[in-house]
């Protein structure tokens, strides 16, 4: 179990490093996804399967997808074109695929060991987390929901494409 | 003890990830990259919480992780909306162009 | 009739009030009537009071009258109170009679001047303040009169305020006298602190009782009062203002700068004679200052061109005689000389006024001449005055008073032959410059035509004063010629007798020497300025001669010295500090704030990444602190 | 209750004036006039009421309060509406109202813009000042101390002259900063007293005897000292005064010079020395040194100015130096002298500012280099200006002379060195005031302008003031009798070790000279 932890930690570190070094946005995004997945695996090794699942679903799934959408919407013109071209080059794939392979191997090893490892004594399953969530942290949950709502409203309002004339009017006033 | 993953190593990892994220925010000029680095930092924080929770087998760690994730989601959505606005206005994603609040 | 005492100063003050408030509406004659009238009534009352005082002297030959309570708090109890004794009777008589005559004269003199009522209001205020000074029962009321006359001398010197020169002369007079007044004020504080009272008679009594002769306090008090007297009477260190004070109208010079105000110092020393007897060193200082001043002023009078400046220097010199007499303890001689000097000096000034107005404002003697025929009355009275000034023997009042002074200086215990020699030299100088003035203005050929002859109103006072300066001396005939000590006998009731040490019969010798010198002086003047005028002229051409002439003309260079010593440094210090150096300190603080504001705002570059770095840096430091401490 | 009414009438008058100004500015002025006159009546009635209440024929010898009003305001904190008046405060309140009337008359023609707000500010300053003179609760005292500050700032900032912003902000910062120091001291006193005796109160009479350890007392005393020294401009803290005066409108200058400076002096007499007697005694040489320094420095500064109003402002520094000297000499004579100086300085400087205001109204400048030869055109103005210039140089026969002389008599008893140096002020004050007259009224006319003389209204006001200043100089006894019991009371309370009494050859106090007219009792 420990070596699984080390492998995925290494993967996480390398992918995070790659995220920062990348010139291209999409590549960085991909590396970021891998980094999140590796952290999910670490959660798994730590006996927090619920957190790992959440990580994969929300973090890697929702937030990263959001990033991709935004990058798509921005279609950064010349840069986007250049990206398409580079995308095609296989060389770029080696980095993420190798890291993905290592993670895959990690996961396979854990699964091979069987559930025993996973459901260790001090595994904190979703039941515990759920009870805690709606026990003492009830106020926190409510707050979190309000935060999300605010984020939703903010995103909607700020994200609106301003009509041409509205934009012009804003310019003149400044 | 099955999960003999020592907490210190976990925290070191969290720390490393956090610092990498921080470096990312400082170094990169493209606003998208900055947002991504912030995500890394948030994730690192969440990792630290979960590690601590696992260490004492308490659900609190994961609960905090969930809160962080909720916050991160809200933050990203608003952040990206602002990025869109910035892009429409300035036609660039360079964060230094938005240095109006100066002096 | 002594109850009328308070009316003497009250009348001029009332005249002042009427003229000051309703000045504009009054016609010229109205203003003249009120101005001269109030002085006249005051003179009349003072005559009545003097007569009743002499005929039936009140108990203790002094009479004091309290008007109202002025200040009574914390141990200082003062009231507006008048004190009349022999000394103040004479002072009041001289001040009010001469004052009235000069008021009469100035109704004619100022006839063509605008600001007529303003002039008379100031003159009345002056006479009122002088009478308050002379009659004051306590030192603070005396100080009130003292400052009042200083103010009026400022107002009247600067009467023709249009030319700034007159303004500067008035300013100078007021400031220099004010320096003396400050010394006197400190003397008052010292007296009050040590004696607990400012009432003159009480203070003198306490001083005599508590202070041994020559004690430190007595010396300090006497010295400070002397400082005040020097300022007001224009004696040596503080005499520079009197020659410039001639910028005022001539009646002003006659009244203030000849007869009354400048002798206030003499009155003060005479009034507080107890202090001076308790402080022998200060008394001898008075004598030495008197002797030095009479020489300095005598020599500078020789070199003057302006007729009024000659008279101004002559006044300084004659007051030097009075100080000399006071210094050697000859109190009554000093007051006697004061009286005769008031008569003939006022006469000379009024005569000079007539001459100046006759030659339409010509002041320079060398451009006058030959006025004997045009103004006979003025000439003859001017001659009597000059003779009296130069102590022509037997005939003039000046002879009796000056010789009494010289004789007392010679024979007094604290006197000395050096002082007597200085007095004699002074007498010689006096007769030289007074007759130089007479010959230059009235003899020789006429240089400027006479355009205005004086009216009767101006001539009556001149003639009256001429009579007084001729007859005035017979009040005190010295021992050698019949011994009629009327004047000194009367004064003995208030002032102590002279302490004789010399040989009595040598009085005749000193009189003969003085007579010879005065007649000799007249001949010298005749020789230089009438017989051989060119000799005197080329004396001044000669380089050494012209340097001496310039030195004497500027009054021994005191003005030059004081300008460098006091005036210029003070003006420079004030100008340098115009921006108030302490204010720089506060604006400095404001500047530091502004600079630090700019410095800090430079850190706000607006770049997100800069902020994050700083944030990180801050976090890093805190962590290291936490970790290592 | 009369004391509270005095303040309330002023406050209400201000508000009414502001409100009425919308219809007709003249009504605003009239309401203020009416309010001031009503106040005058109230203050004078206090004089008689004082007699009845204390029942004494004259004023109570021991300086007890004439009238006292003590209503709890915030009991939890021990703060009460404690207003009280004794001889000293009554004289100063009367001066406040008197100068208030003068400033109102000067503003009658000068202020045209926003009349309502102007009069509101004017009245609230007067209310603040009256409050300061009457309050005996330290908190209330501080409340009124700040209350008079803000309207004064508005007065200078809105109706001032050229660079009024700088002047008003400087004035505000100076006074506010020092005021806060005083607040610290008050609070310090409050807590120490509470700790010692258990009753936490701001009441002056109870705070009077607090025992404070010298190391702390020095700081508390310094807090008060700096606040009052800034207000009464002593030398190092004076630089706000010339700016504030030069830029303030005439009415503002009259109140600033006539009253605001006096609150500082009053603070010294009432609060600083009685509260910390031994510390004040130890601090006295420094304070007297500062006083003498401000006498000399103010005079030299005045002489150098060519802005007429700034010159008069600097003379106030010099005159207030005498007051500070008198206060720290702390004996009967010096305190009476300080009071005389306060009153006559208020009148003479107030009138000088009024004259400068009328000059500025006519030739629209204050620069003396342009003036000169004004006397032929305006002899009446020249005459009045001359009278008050002479008053400011301390000519005997006027109030200032008596003030300065009594102060110096008192100071000589404590330390002759300070008295001698201070009397240098006579010469310096002569120089600047005669120089001022010379450059404005005498000499030849430098600026080409026609100046019309004083109107009969202005002449009437000046005549009253001339009469007042001469009355103070010649017959000051009534004023002194009113204030001397108060001073005895204060001196009784605070025993600064007095200089040894000189030679005993002193007539007893009641050997009053019999006057031939039996004018005085």
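Think of it as A, B, C and D in the order they're written, each chain with its own count starting at 1.
FYI, a residue touches a chain if its C-beta (ideal position, glycine included) is under 8 Å from a C-beta of that chain, and two chains touch if they have at least 3 such contacts.
This is a predicted model, so every value here is computed, not measured.
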item: Selected pair, greater C-beta contact count between B-C and A-B; value: A-B
item: Chain whose average C-alpha position is farthest from chain A's own; value: C
item: Centre-of-Cα separation between chain D and chain A, whole angstrom; value: 76
item: Distance between chain centroids, defined by C-alpha means - chain A, chain B (Å); value: 10
item: Interchain centroid distance [CA atoms averaged], chain B/chain C, Å; value: 97
item: Geometric centre distance via CA averages, chain D-chain B, whole Å; value: 67
item: Per-residue overlap in chain A, given as positions that touch at least 2 other chains; value: none
item: Residue list for chain C, restricted to those that touch at least two other chains; value: none
item: For chain B, residues contacting two or more additional chains; value: 27
item: Graph class of chain-chain contacts, one of line, ring, star, complete, other; value: line
item: Touching pairs - complete list by chain label; value: A-B, B-C, C-D
item: Residues of chain C touching chain D in the complex; value: 3, 6, 20, 24, 65-77, 79-81, 118, 140, 143-144, 146-148, 151, 154, 158, 161-164, 167-168, 170-171, 174-175, 178-179, 181-182, 185-186, 189-190, 192-197, 202, 206, 209-210, 570, 573-575, 577-578, 580, 582-583, 585-586
item: Contacting residues of chain C [partner chain B, same complex]; value: 601, 604-609, 612-613, 616
item: In the complex with chain C, residue positions of chain B that touch it; value: 22, 25-27, 29, 34, 95-96, 98-103
item: Interfacial residue positions of chain A with respect to chain B in the complex; value: 1-2, 5, 9, 12-13, 16-17, 19-20, 22, 25, 28-29, 32, 35-36, 39, 42-43, 45-48, 50-51, 54-55, 58-59, 62-63, 66-67, 70-71, 73-74, 76, 116-117, 120-122, 124, 128-129, 131-133, 137, 140, 144-145, 147-148, 150-152, 154-159, 161-162, 167
item: Complex contact set, residues of chain D against chain C; value: 170, 235-236, 238-239, 242, 300-301, 303-305, 331-333, 335-336, 373, 375-376, 379, 383, 390, 395-397, 401-402, 405-406, 408-410, 412-413, 416, 419-420, 423-424, 426-427, 430-431, 434-435, 438, 441-444, 474-477, 480, 484, 502-507, 509, 511-517, 519-520
